[in-house]
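Each in structure tokens, the structures are laid out below.
Next, two complexes with chain A in common: one pairs it with chain B, the other with chain C.
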Partner chain A sequence: MASLLTVHDLTMRFGGVLALNGVGFDVRRGSVTALIGPNGAGKTTVFNCLTGFYRPSSGAIRLTDADGVSVDLIEILGGPFRRQDLRSPRAFGRRLYCKMFGGAALAARAGVVRTFQNIRLFKEMTAFENLLVAQRARVNNNLLAGLLSTRAYRDAEAEARERAWYWLDFFRLAEDGNRLAGELAYGRQRRLEIARAMCAGPRLLCLDEPAAGLNPNETRELSEWILSLRRGHGVTVCLIEHDMGLVMEISDQVVVLDHGQVIASGRPEKVRDNPVVLEAYLGVPEEEGR
Partner chain B sequence: MSFHILVQQVVNGLVLGSVYGLIAVGYTMVYGIIGMINFAHGDVYMIAAYLTAIFLAALTLLGIQSPPLLILLVLLLTMAFTALYGWSMERIAYKPLRHSTRLAPLISAIGMSLILQNYVRLSQGARSQGTPTLIQGSVRLFENGPDQFVQITYAQILIVVTAVIGMSLLWYWIQSTAMGRACRAVQQDRIMAALLGVDTDRVISVVFVLGASMAAVAGTLVTFNYGSFDFFIGFVIGIKAFTAAVLGGIGSLPGAMLGGLVLGLAESIFSGFVNTDYKDVFAFSLLVGVLIFRPSGLLGRPEVEKV
Partner chain C sequence: MTERSVSGGQSVGAVLRESLITGVVALLLFAPLTGVSLSGYTLEGHWQRPVWLAGWVVLGRFAFGWLRARGHLVGRLSGRPKAGSALLASWIEAHRTFLLLALCVVALILPWFIGKYWLNVAILAWIYVLLALGLNIVVGLAGLLDLGFVAFYAVGAYGYALGFKYLDLSFWAALPFGALLAACFGVMLGFPVLRMHGDYLAIVTLGFGEIIRLVLNNWMDFTGGPNGVRVPFPSFFGIEFGRKAQPGHVTVHEYFQVPFSNEYRDIFLYLLLMIVVGGLVFVIRRLRRMPLGRNWEALREDEIACRSLGIQPVTVKLSAFGLGAMTGGVGGVFFAASQGFVNPTSFTFMESAHILAIVILGGMGSTAGVIAAAVILTVLPEALRDFAEYRGLLFGCAMVLMMVWRPRGLMGARRARFDRSGVA
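Right after this comes the complex of A and B.
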């Protein structure tokens, strides 16, 4: 039961507003974890912190891979200096490096990739190109290699293309490869966004309301895809979702947030029957409250 | 209205337009990617003119005499060194301000422009300088009589041909290479590109490097053609190229090229047939006219409201 992601005491302040207050949970390797909660509970804020969109005010987010090497995501984003950094020149240098060059790109390279609730594709590029852009680690980004079309460049490019086709096929988008991403139908755009995230080679795939706006058939397909990503491609999935049917069906763990705090977490059926969760969702009737 | 004057002015206009286009590309790419107007870009062109003279002198001292080789070497060296200027400029003046207000880098760009002008004035002197014109000779077309001809110098041909090659390579680079693809992605959604692991700072640096080397091509070729320059030449041509970029639709690469050509042709035909003194007035009136009917420029797309 090794955990891939450990979130500990995560706090996010926007001015005087405490959006997250000491959030903590673990995500086991190869599991599907759902983050649920009423609107404004802080689910998306957690995601934004995980993927480097925001820099949390305090707390720790660690990503540990199978060999036990762990990465501190907050440090990567250029977290503040600590007193113990002064003792070790190496830690100091690393902190300084992350301060200068750190940012969301490093979180993606560490293996956390996300999709958005309101789809953010590169709308004026083809679906295929969208998938190529995500493969930064694979393609040759040398300024001149592309113009001179060197062998290394062509090999890298061919590999990236192959992988892009693989994921287009996987999500049944092959016939849309050369269409502009912005022209695709809504459901297809959603799939393309997940395909693009997979092209970036994630260890932790964060899906923000992947079923929003999908019809029941599409939702069923989506849940099959998510399960097969986990089984066949070794991806750990973390998702925010309002469709409780989907959540109960595919997740191994459910984390319930309310007012920026974790109020319950555990197996889906246990969370479903938890009175605290019901209260957060439905409210307590006036009479009973007294 | 004489046929010969018209053709002659069209030729001159194409040459001028190519130069504007080469510089406008730098404005439009930087605007497209970080939404700022790099006011120091005209001065990068001026730096390129000085570097051309310096490399020309140095290579001649080394004993290279053949003009084609000399032209090629000077062009490549100037491009490389001007690119270095572009890169450092971005690192020093714009990157530290990336996350501040939108206007901060604009002010910083004006400062950079002043610094470059005065650095050149102090180090090279305020007087106008010159290089020998390397490319001599011309061809005459439609010749019938002593005043009836269209003259095209070899230097003009070189400018247009090099501009076309440079623009085509740039276009190919943007459309078909991995880094060009990353560039387009960053232009559309910088944050999303970063979240996918694209090194956005590197992409932005590359855009400055490319913009500067395109301006260097213009600077070198114009210096070969006219042979005279001073520390202030970047200002006027910078404003003109910026106008060309806006005319074509800022942010759009083909727009910058088209805008450059339209502006160059309009200026040159106006000065041939109406008045040389008012050519700038005409050029800017053209800009105003176009912007009234197409507010986002000739090839620019109107800003789509993000839902």
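Right after this comes the complex of A and C.
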């Protein structure tokens, strides 16, 4: 299976702190990849780089479609102008566009959609509206079409509503559709956030600690949902998670980060028995300490 | 205290007794305060004053207690926060169409009877409705705190005034011209402040408002500075509202063969404003259910989440600034047309604060609430001219009370409900 996402030699520097140091991994299309590691290992920083919220100091992130079209997820952040931009107006225009409108929004349009560790819903809007907002690409954004309520606009809206209902049903949130998102119970908010991400039509769904704060039952449901998203909806999933039970159960690949470096990666059972990983998590006896 | 005991016992007798006790206390209080006054070196007794006041207190106390005993509207002010307002809300909901229709009819009939002075107040109220609806887009929907909204009002007003002076624009040409000009200014302001939020944004917009006013005030050659600019009155399909028509035109009283009155012009403006506000309300209603309106609200809630879903904060913010400013510009054109003269003193920061107060009082994001607040905050100060010195105090008190009892404004924004067959 070809890889959907390639991360190569990713380095992120915040002033003097080296948050990521040469991180590299591949995510195969249709797989579930878990990013694990102790607190402060740089997992969320990797996510922020993937989804365009941070611009890495160096390295490459590339998203490759099934039909071979690939997007450079760093270029769309709009880097500093280079000298050769002056010679090619097209490159110049592209860079200017990315600088003005670039970043996370373009990454999301390329198909990398994420959820957040601390849930970020539109709290004063209803659950249903949350899902409608996410369907930016599908609805008719033409101002006049909307004001005049043209047929194309109405059709697009109807389709968006249908899709929103579909995802509400999928995550068993249908009865909460018209409630404010901020009023929902914590577990439901988590689900709603994933539903919202799915409404944005992701190719790579990045879940930042989706099981945090869920009880064992909810966690089990979550793992079923993630697996069925992968199977039934052609989504590739990349998740950060501390719940090892969940990680071992659903992931095809586990990438272990520590101090900004990949210390192990591979099949879950292989990673579980890796002494380096155990050392990173549990520490080493005093006399052998680094 | 004694108040509590009454809210438990619901009988009319208890309420009556309670109000009589209140009346006696009031009498005791008011007697020395208002019953005796110093005239020269002698004391004069005005025994009827404290009695009147105490009478009013008894009446008020009785009405309050009675309504509360019946679980009515006023009752919610103390004690039960939900019942009264929910009752009112459901009543309004049930009679929505009828109420709207009645309000429209009243608004249509009103200008013919209220006389010149109140007609001008009413026009001003409509203009404030326009402005507040415009600011509501920026502050209430998109969540961008704008303290310099008056700048766009000024741009609209001066767009008409200077457009007439230099380009000979008529009112009808100035309307779109002023609106577009204001929208351009809105986008111009929007660009540099794209990355700002909350307090920072508020300060920058405040500065922008002052810059516009200072430029208008000091650019003597172009704007006439503090002397202002004269603005022509609008005409209606070439029919003029003056006493004498320009050559080749007719006036409205000649056309309809009625005696001249300068009220016709104001009535015309009033009705026109009503149409414009009606159109704007329609547009905002649509917008709120459109992707753009949803994106505005989403941006207000969480900008980072918006970006993670592929929504460009840049375009969303600029569209909010642009459309809000455009509405402000239209308000400005109407203001200039109704006054016949503009100068920079009409566009001070107090004006911005007033519009913002309307939006907050009305309930951010709620169209009906904002309209109600605009009317109340424009008409009440005129009606209470005798208390002009206390206007600020009353304003402040109203704000504080609002924040305590109805932090979401007179009417909180209603959210669209959806069911499987479509929008419910």
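Following the convention adopted for this analysis, the second predicted complex is superposed on the first by the 269 of 290 C-alpha atoms of A that agree within 3 Å, B and C clash if a C-alpha of one lies under 4 Å from a C-alpha of the other, contacts with A are read in each partner's own complex, and residues count from 1 in each chain.
Rule of thumb we're sticking to: contacts are C-beta pairs under 8 Å (C-beta built on N, C-alpha and C of every residue); 3 or more make two chains touch, one makes a residue touch a chain.
What you are looking at is a predicted structure, and each value in this text was computed from that prediction instead of being measured.
For the composite obtained by superposing both complexes on chain A, the positions of chain B and chain C are in clash. By the document's definition of touching, of the two partners only chain C reaches A:L180; chain B does not. When the shared chain is aligned, chain C comes close enough to touch A:W165, but chain B does not. Of the two partner chains placed by superposition, only chain C is touched by A:T126; chain B is not.
Contact with both chain B and chain C is seen for A:N140 once the two complexes are overlaid on the shared chain. After overlaying the two complexes on the shared chain, residue contacts for A:A108 are found with chain B and with chain C alike.
Overlaid on A, the two complexes show chain B and chain C touching the same residues of chain A, namely 51-53, 101, 103-105, 108-109, 113-114, 116, 120, 122-125, 129-130, 132-134, 136-137, 139-141, 143, 146-147, 196-197, 200.
Interface residues of chain C, counted against chain A in their complex, comprise 283, 286-287, 290-292, 294-295, 297-298, 300-302, 304-315, 319, 415-418, 420, 422. Chain A contributes residues 51-53, 101, 103-105, 107-109, 113-114, 116, 118, 120, 122-125, 129-130, 132-134, 136-137, 139-143, 145-147, 153, 156-157, 160, 196-197, 200 to its touches with chain B in the complex. Considering their complex, residues 169, 172-173, 176-182, 184-185, 188-189, 191-202, 206, 209, 307 of chain B touch chain A. The touching residues of chain A, when paired with chain C in their complex, are 51-53, 100-101, 103-106, 108-109, 113-114, 116, 120-126, 128-130, 132-134, 136-137, 139-141, 143, 146-147, 149, 158, 161, 164-165, 177-178, 180, 196-197, 200.
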